[in-house]
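Common to both upcoming complexes is chain A, partnered first by chain B, then by chain C.
Our next item is the complex of A and B:
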């Protein structure tokens, strides 16, 4: 096909003219530049956020004062409501992480170990379908399941039991979050389980270990990096989540993200909201660093690196 | 033998609980969308396509749908080349400061979404571009960039570098090597990443909430606002649209690269 050849030759010549061979060493950086610039937009935005957090709101004009002050951070420390919300957020995140890992681990294990192709396919589809459906739609589904006239209550009344107020309480939020995090956790644990040779388990079992012992002493330790990676991702995503607590909690069980949102849009104090954002970023990073220091970086540490 | 039996019972018990938890909202939404009644309840009253018809009539929702598609297309068009090149650069080229670059490129994933969304709201506000639609696509592209880079770099890791060397040795110039050897080899990752970008952008809620106003509201934000006011069955009909698109995405992913690709160990 001479036409394609000529076309390719032209492009080749064009590229050679625009990017001479002696620049070849910098090609990697040229490839990287667009991504660095895009993330740069976010970094500049964060810079603005930090700057905002250092200015107090002038209540007369509803604008941020020009001089620098730490008033917003002092407000965070002095108002007990922020402590309460933060405590609820951290407690909720610990609960969600625990329950999610407990459910995700057997799912990932069965997914990897099953020998029946259609079972594997069905488990994969069950996993990916909600993964591709956004939080708002899934929260809406839970509203129908748990609502006053919802599925659970019609089952209860059908059995002659009194209807329950399930929505707008802490457990509903936890449950919604677990469902949201489950696909992430399973996908992060799966590679760790794939890496365990099945012979290891057989060896343990043929030596007479009952399966819980095999799990405890063989499978869990070998899957540990995957569990740590999944746990950290689930914890940080939960700790910063907005939609589930907002929709399923109905304003009664706000998480920290709701407090940030309210500072910006309800009490119109961007300085305070920015300070709370900085607190959330710092706290999240500290917790992740602490987990990595205690338990090792897990699978996240080597992500993308060549081994 | 009873040992194996109890293992099956415990494992499958937990797996079934997960299956129900994962699928229940989807199944319920589909059921509820066909109700003929005026309120959402379960089991639904009667069967009709009434709410789908009403939805079609609501210009709010159809406009929001068009805007969401526009935003998702912009996001995918930006993240495809940017993410592919960045993945090739971080894996194939010997760059200095590689660890720092990786940490930097993961920032959109490690910074909480609320904070990223509000930061970009402030920045775009200062740049006077808030209220237009393309910055929403750009913002969503930025926060999902790590997913794109991650799916492509998984494929890049799997290429044999000797393939490119062989092409070069046989006289292929750099662009031809790139187009005929490198790009086809990373295609599965590019397809997965592109699909993921589109779906994530189509579903993105929190960042859109901050970057849109009443004139540029996208579908997830519109659904959220409606949930906060009155819950009518037309919401179930919109949600079914989301479920259908997710089904198509899962099917495409399975046909193009195979879902089993996610079961590989790294």
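Our next item is the complex of A and C:
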């Protein structure tokens, strides 16, 4: 018997010993187990957060009191600043998601459909390059480019125009976040466009539909799962972002993650930080659930789901 | 004198000091001292702060004991919960010595996670400033004072340094003024600049909040130590309330920055060192030796001179460039011109002040 056969027989026997045939029905669950464990750890962490959030801080000892109370949630409701920051976060997330999808879709479309190899390569390099540069470094890069004495203002003043305040306000934060989220969105939209057979577009055009009509009635509906997926990812990442608002916002346009950070670290109140975290997680989950309810999970290509 | 000779002298002096210290700390300490750890990890601030600690304390300590000192630049507010969790869970803390603000260190002391330092021999003879207020014994030890000065770009003030903090409200400086993002270092000053007095702190902070509300219209930037240097360097700001060390470091690296103490005064505060509970016995011993060494004349002279801050070791001369500088208080009269809020008051009120500060600037 050839050596390779004996080797394969040994492997097969080993697998049969480790995973008997009667367990085969559970094979799918075994593959799911790492993911379930990961989610389980997250759920346990969330449980701890919920527990912390129900205890008030004792300022005499800087420990959470043993008694259960809703004080931290009352603090969230009674202090308008949290509502303001939360509204800014949601508004920013909606804007970033919308702008990012608008920019990402044509990029992904050209990347998939182009017949020119160097264009595809250039688009791929441009897409992946930002992944090698961390968010904080990118934000500091924008400080250099958009600063008072940065590249853009140097160009403006060189042309005899007045220097502009391009940093430390809400639009600067949105700009930085869009630039950060764009590659994520493109990566999620590309498979959706790849899955659309080019023949479908040709068929539409051969039936007399101009390209805009083809785009509206063929490409866009078929790319919908990718757009929804990208939208959900960009929205949730933006909702929880900390670095861009912190660095490009100049300290006065914080997002909700900064309020959570401040509670945990600046004022050493883990109960309040946990309560604010629960608020953010709950709100984010509700919004995503609403998106799925409106768009239907079938838009993500989930088999058997109602669309 | 050669470098070698200098080090040898330093080592001899350290051994003399160490012998006296070990004697005072009882015999079990001597036994523990035989078991040296390979390194001591000290949390520190970066930039000029970390460099001064390395040159003034860490390197001489290593030269004298053979124990390497590794500086951990985890942010002070972020190391705090890690240390608390480690002590509560019975784990070994991630650092041996925490270089901390006195306010944060006091909070950790209140939580009961700090080792008592009362038996350190070098505590004797230090200025009263070294003793933490409102706490029994020495759960931490203050190592120097520092002042939140009014740092400014001379180009923006051709008529001389700003005379009052109210210059922050001048529309001319819209978007070009900076404060710490938690209001630290400025809250009591805001009360005075807003028409109140120091006696209003902490019961009536409204004048300060009114000042902040006016200041908000001038769109100030809020940041941390490193941000101020970057903003001055990039020409983003003309004026900031920052610790004199940052302004001095910026000037030393060629950035056009000066500083002053305006009519309302400046807040003076202290930093300190503390050792977390839960370290192995020998490591705790050497961590305490590190703190003790940091309080020695040799270490205080070099460390604080590099920082440009008045040490708690008495009688040390200020650096040449800071002689007569109001941000370098040495006498009770100097301190009287500054605004000092006791640590217990800060600990109790900082969360309340921070909440109001956030409401005004984020709202």
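Note that in this section the second predicted complex is superposed on the first by the 252 of 307 C-alpha atoms of A that agree within 3 Å, B and C clash if a C-alpha of one lies under 4 Å from a C-alpha of the other, contacts with A are read in each partner's own complex, and residues count from 1 in each chain.
Definition applied: contacts are C-beta pairs under 8 Å (C-beta built on N, C-alpha and C of every residue); 3 or more make two chains touch, one makes a residue touch a chain.
Bear in mind the structure is a predicted one, so any value in this text is a computation, not a measurement.
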item	value
First, second, both or neither for A:150, with chain B first and chain C second	both
Greater residue coverage of chain A in the superposed arrangement, chain B or chain C	B
Touched partner set for A:252, first chain B, second chain C, both or neither	second
Touching partner for A:264 - first (chain B), second (chain C), both, neither	both
Partner chain in contact with A:84 - chain B first, chain C second, else both or neither	second
Touched partner set for A:36, first chain B, second chain C, both or neither	first
Contact residues common to both interfaces of chain A (with chain B and with chain C)	143-144, 147, 149-150, 264, 270
Partner chain C, residues of chain A touching it in the complex	59-63, 79-81, 84-85, 143-144, 147-150, 165, 167-168, 250-252, 254, 259, 262, 264-270
Touching residues on chain A, where the partner in the complex is chain B	8, 11-12, 15-16, 27-29, 31-32, 34-36, 38-39, 41-46, 48-49, 52, 102-104, 106-107, 109-112, 120-121, 123-130, 132-145, 147, 149-151, 154, 175, 178-179, 182-183, 187, 190-192, 194-195, 210-211, 236, 239-240, 242-243, 247, 257, 260-261, 264, 270, 273-274, 277, 280-281, 284-285, 288, 299, 302-306
Chain B residues within the chain A interface of the complex	3-4, 6-7, 10-12, 14-15, 17-19, 21-26, 28-29, 32, 39-43, 78, 81-83, 85-86, 88-95, 98, 101-102, 104-108, 110-116, 118-120, 122-123, 126, 138, 141-143, 145, 149-150, 153, 157, 173-176, 179, 199, 202-206, 220, 223-224, 227, 231, 235-236, 239, 242-243, 245-247, 249-250, 253-254, 259-260, 262-266
Chain A partner contacts - residues on chain C that touch it in the complex	75, 77-78, 80-81, 107-108, 110-112, 175, 181-182, 216, 219-223, 230, 234-236, 347-348, 350-351, 354-355, 358-359, 361-363
